[in-house]
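There are two complexes below, and they share subunit A, which is joined by subunit B in the first and by subunit C in the second.
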Partner chain A sequence: MARKMVFPGEFIVEGDLKMGDGVFRENKRVYSSVMGLLDLKENFVKVIPITGRYFPKANDFVVGEIEDMDFGSWYTNIGTAYSATITAKDYFSERDGFQEDISKVMRIGDAVYAMIREISPRKRVFLSMRERGSRKLRGGRIIEVTPAKVPRIIGRQGSMISMIKHETGCQVLVGQNGRVWIEGPQEKMDLVAGIIERIEKDAHTQGLTENIKNMIMKER
Partner chain B sequence: MEHVVAEIRRDHIANIIRDGKRVDGRGFDDYRPITIETDIGHKADGSALVKMGDTQVMAGIKLLLGQPFSDMPNSGVLTTNAELRPGASPTFEAGPPKPPTVEIARVVDRGIRESGAIDVDKLCITEGELCWIVFVDMHVLDYSGNLFDAGMLSSMAALLDTRLPKVEDGKIIYGEKTNNKLPIANKPVETTFAKIGSGVVLDPNLDEERVMDARLTVATDKSGDMCAMQKGGEGTFTPDEIFETVERGAKKAKELQKLLKD
Partner chain C sequence: MKVGTPEKFIVKGKRLDGRAPDEIRPIKIEAGVLKRADGSARVEWGGNIAVAACYGPREVHPRHMAKPDKAVLRINYNMAPFSVSDRKRPGTDRRSMEISKVTSEALEPVVFTHLYPNTAIDVFVEILNAAAGTRCTGITAASVAIADAGIPMKDLVPACAAGKVGGEIVVDLCDIEDNFGEADLPMAIIPRTGDISLLQMDGNFTPSEFKKAFEMAKTGCEQVYKVQMDALRNKYGKME
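Moving on, here comes the complex of A and B:
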């Protein structure tokens, strides 16, 4: 079913509905806060943005680039207005032990795959490197996509991303902030970058996973 | 604030250039698509908007009557200014001009001035007393690398588009233009090269500009002679690289000059 397109400030519905992302309420009247496709159910409303920047959400995995540091924390650029903090406490575990000089483990210019541990009431973002899956990124390359298209790159229950990884043999990590890290042989990385570009362009089409699979087969 | 680039990105761009390719698939001597639109501002005496890939620079020309400098009583005055709009990039901020802003204005100014693009002597009306003052104002609307070339191109396109305003009793009548053009004697353009690792590439885009070791801007006039130069960045060029870059720049300059209509 074709979803209705709404614009920022557009009135959607009146009532006590549960609200997802992309909407705000004023005196029981619900409005859209972004440009996107409307998802309106009996007691739930949200707008899926079709473009826009990344808004941090707790438990999201993101690809960040360390742009500053001091004695006890690193500050990483995750594509949002303010940098996200990784404190030493969120890096070292009791088991592996602490390091006095934190620049020995990560420095300015390093890239990381980390989880958003907490967003403070004042909207400061804290990342954690202690979660399973988080790591410092070595080699490979980073490409950028619209954060709104990230769900399509991952696919339903990760179907798209696991297919890409399986078919190309590359390591791929997708950050919810729209940064994708790819690692593998040069020509395979080119292929993955092309695939992701294609997904971003054709995100709205039916049978996308199948089309992409055919595209990979053709490349071989 | 300066933008910190992850080493992964830096290595990737350098590696791909070492293999003789570029991140956006261009050749080493290719510009991104360029469009020039003139006469876009009705209040300005001349104006132009240049798009070079995702980079956008608008230039406006304003003419005022004033006194010549005392050491050049027979010449008009040229003043070039650049403005990096905060909306053009997250790294641009409002406030007094910072070194990069001043550099763009000065490098473009040097290109126009040293090539003799404007015959300033013809701008003098009464020796030592009255002359035209030409203001070239560049506004960067979108920053995606290589502001020098786009800035120069927009300035020249706007100068070529300029019509002198009407003057009565020694005063300018605003809003009324004559058909008289500025005395344009030359058509300089600038070509900027970035050195990334071992390769030197033309027209660096934003990603390339952020990781480049050094850059070299060469201004070439219509006869193919070099008339100005500017080197930036912490890295170095070898003498051979400089000679080669100047030659490559002169070749590309012809293409850019074709885009500038008289």
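Moving on, here comes the complex of A and C:
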């Protein structure tokens, strides 16, 4: 379904609707605050932005790089204005036990795939490494895409990403912050990087998964 | 009278560059011109060329500038040395500091800064060519760049000046009118609400002249606003 494109300050609807992101209300009139695609339901309105930096949201999985650490926590760059903290408590499980010296586990420069556990009201971001799927990333490479295009890389119910993984044999992890980690043989990694670049460019086209599949077939 | 002042500013209802008193110079805006910036815009307005680049929200450096309840909107207005006929001494001066400040204050009411506490939104406005009205060109460019960066805002902010030359009120002064005219009234508005977010005055108006200039500048702003919106539509409208 084609959604309507709206721009900052554009009037959307009048009334007491519930509001999601990307909108604001003035005198009962709801306006868009960003450029994006309008999602207007009977009792709910939001705008899905098509541009802009990633803004951390709880329960999102992100790819981050450890840039600092102290006795009990790591501080991770997740590509936002706020650096994210991983406390030792959010890394070690009681079953596996704690490690006295946390630098033996992860060091500055290491990459992680972790979930945003909490964002404090003062916008401190805490990551958790105890969620299923989160891990330290060994080897491979990280590429960056526009965060707004991440849903297209994942595809409907993960169709796109699982197809890419299946067809290329690479491991791919997509962070909601627009960072994608790829691991596999060199030429396969190049292929995946090319595919993702292509998805980013053609994100607005129809039948993208099919086109990408054909592209992979041709490369073989 | 200053040396070089034209004898007449308006001949047979036409200004020195052939415009009518209520006509703004041709304006062209393009959004998203810089790949490495989060958002950008290029504005060509008469002889003015401004490029604005927006980065952020990002970490504030130096740290002490951070505000715990909102983002700081930092504008850096800079004129290229080659932007004027006499070479401009490069770097920050009193004039560019003032313009950076008033631009930031003109744009802050529309940007949702409280969504991003402890961060900075940086906008760099480079004037590549100057021909009167660069602060208006700069504000116009900066506001499109911020929108292009996907930062939530209440509206775009267009800017336009009006002034008095040879006793007549005209809109959007050109080079000679600006240098030798009697008064200048740059203005930025928030079109949706009709609020004024920048109003400066250089020279003297009578109250009735001021009213006329004010209305003319406002109409000019509204014309600029349409071009700003078209710039965003041209870049993003195809994605529906």
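Everything that follows uses one rule, which is that the second predicted complex is superposed on the first by the 216 of 220 C-alpha atoms of A that agree within 3 Å, B and C clash if a C-alpha of one lies under 4 Å from a C-alpha of the other, contacts with A are read in each partner's own complex, and residues count from 1 in each chain.
Note that a residue touches a chain if its C-beta (ideal position, glycine included) is under 8 Å from a C-beta of that chain, and two chains touch if they have at least 3 such contacts.
These figures come from a predicted structure and were not determined experimentally.
Enquirer: After the alignment on subunit A, I want to confirm one thing: do subunit B and subunit C clash, or do they fit together?
Expert: The answer is clash.
Enquirer: Thinking of the overlay built on chain A, is A:K4 touched by subunit B (first), by subunit C (second), by both, or by neither?
Expert: Second partner only, subunit C.
Enquirer: One more residue to check, A:L137. First (subunit B), second (subunit C), both or neither?
Expert: In the superposition, A:L137 contacts subunit B only.
Enquirer: Going by the contact rule stated at the top, is it subunit B or subunit C that touches a larger number of residues on subunit A?
Expert: Partner touching more subunit A residues in the overlay: C.
Enquirer: Would you check which partner chain A:Y31 touches, where first means subunit B only, second means subunit C only, and both and neither mean what they say?
Expert: The second partner, subunit C, only.
Enquirer: Regarding the shared-chain residue A:I195, is it in contact with subunit B (first), subunit C (second), both, or neither?
Expert: Touch partners of A:I195: none, neither subunit B nor subunit C.
Enquirer: Report for A:P49: first if it touches subunit B alone, second if subunit C alone, otherwise both or neither.
Expert: second
Enquirer: Looking at A:G22, would you say it contacts subunit B, subunit C, both, or neither? Reply first, second, both or neither.
Expert: second
Enquirer: Figure out whether A:D68 sits in contact with subunit B (first) or subunit C (second), or with both, or with neither.
Expert: First partner only, subunit B.
Enquirer: Which residues of subunit A are in contact with subunit B in one complex and with subunit C in the other?
Expert: none
Enquirer: How about subunit C: which of its residues touch subunit A in the complex?
Expert: Contact set of subunit C toward subunit A: 38-39, 56-59, 68, 110, 112, 116-120, 147-156, 191-192, 229, 232-233, 236-240.
Enquirer: Which residues of subunit A touch subunit B once you look at their complex with the stated criterion?
Expert: Those residues of subunit A that touch subunit B are 65-68, 77, 108-111, 137, 139-142, 181, 186.
Enquirer: Under the definition above, what is the set of subunit B residues touching subunit A in their complex?
Expert: By the definition above, subunit B touches subunit A via 3-12, 15, 19.
Enquirer: Spell out the residues on subunit A that touch subunit C in their complex, using ranges where they run on.
Expert: Within the complex, subunit A contacts subunit C at residues 2-5, 7-9, 22, 24, 31, 33-35, 37, 49-53, 55, 80-83, 122-123, 148, 204.
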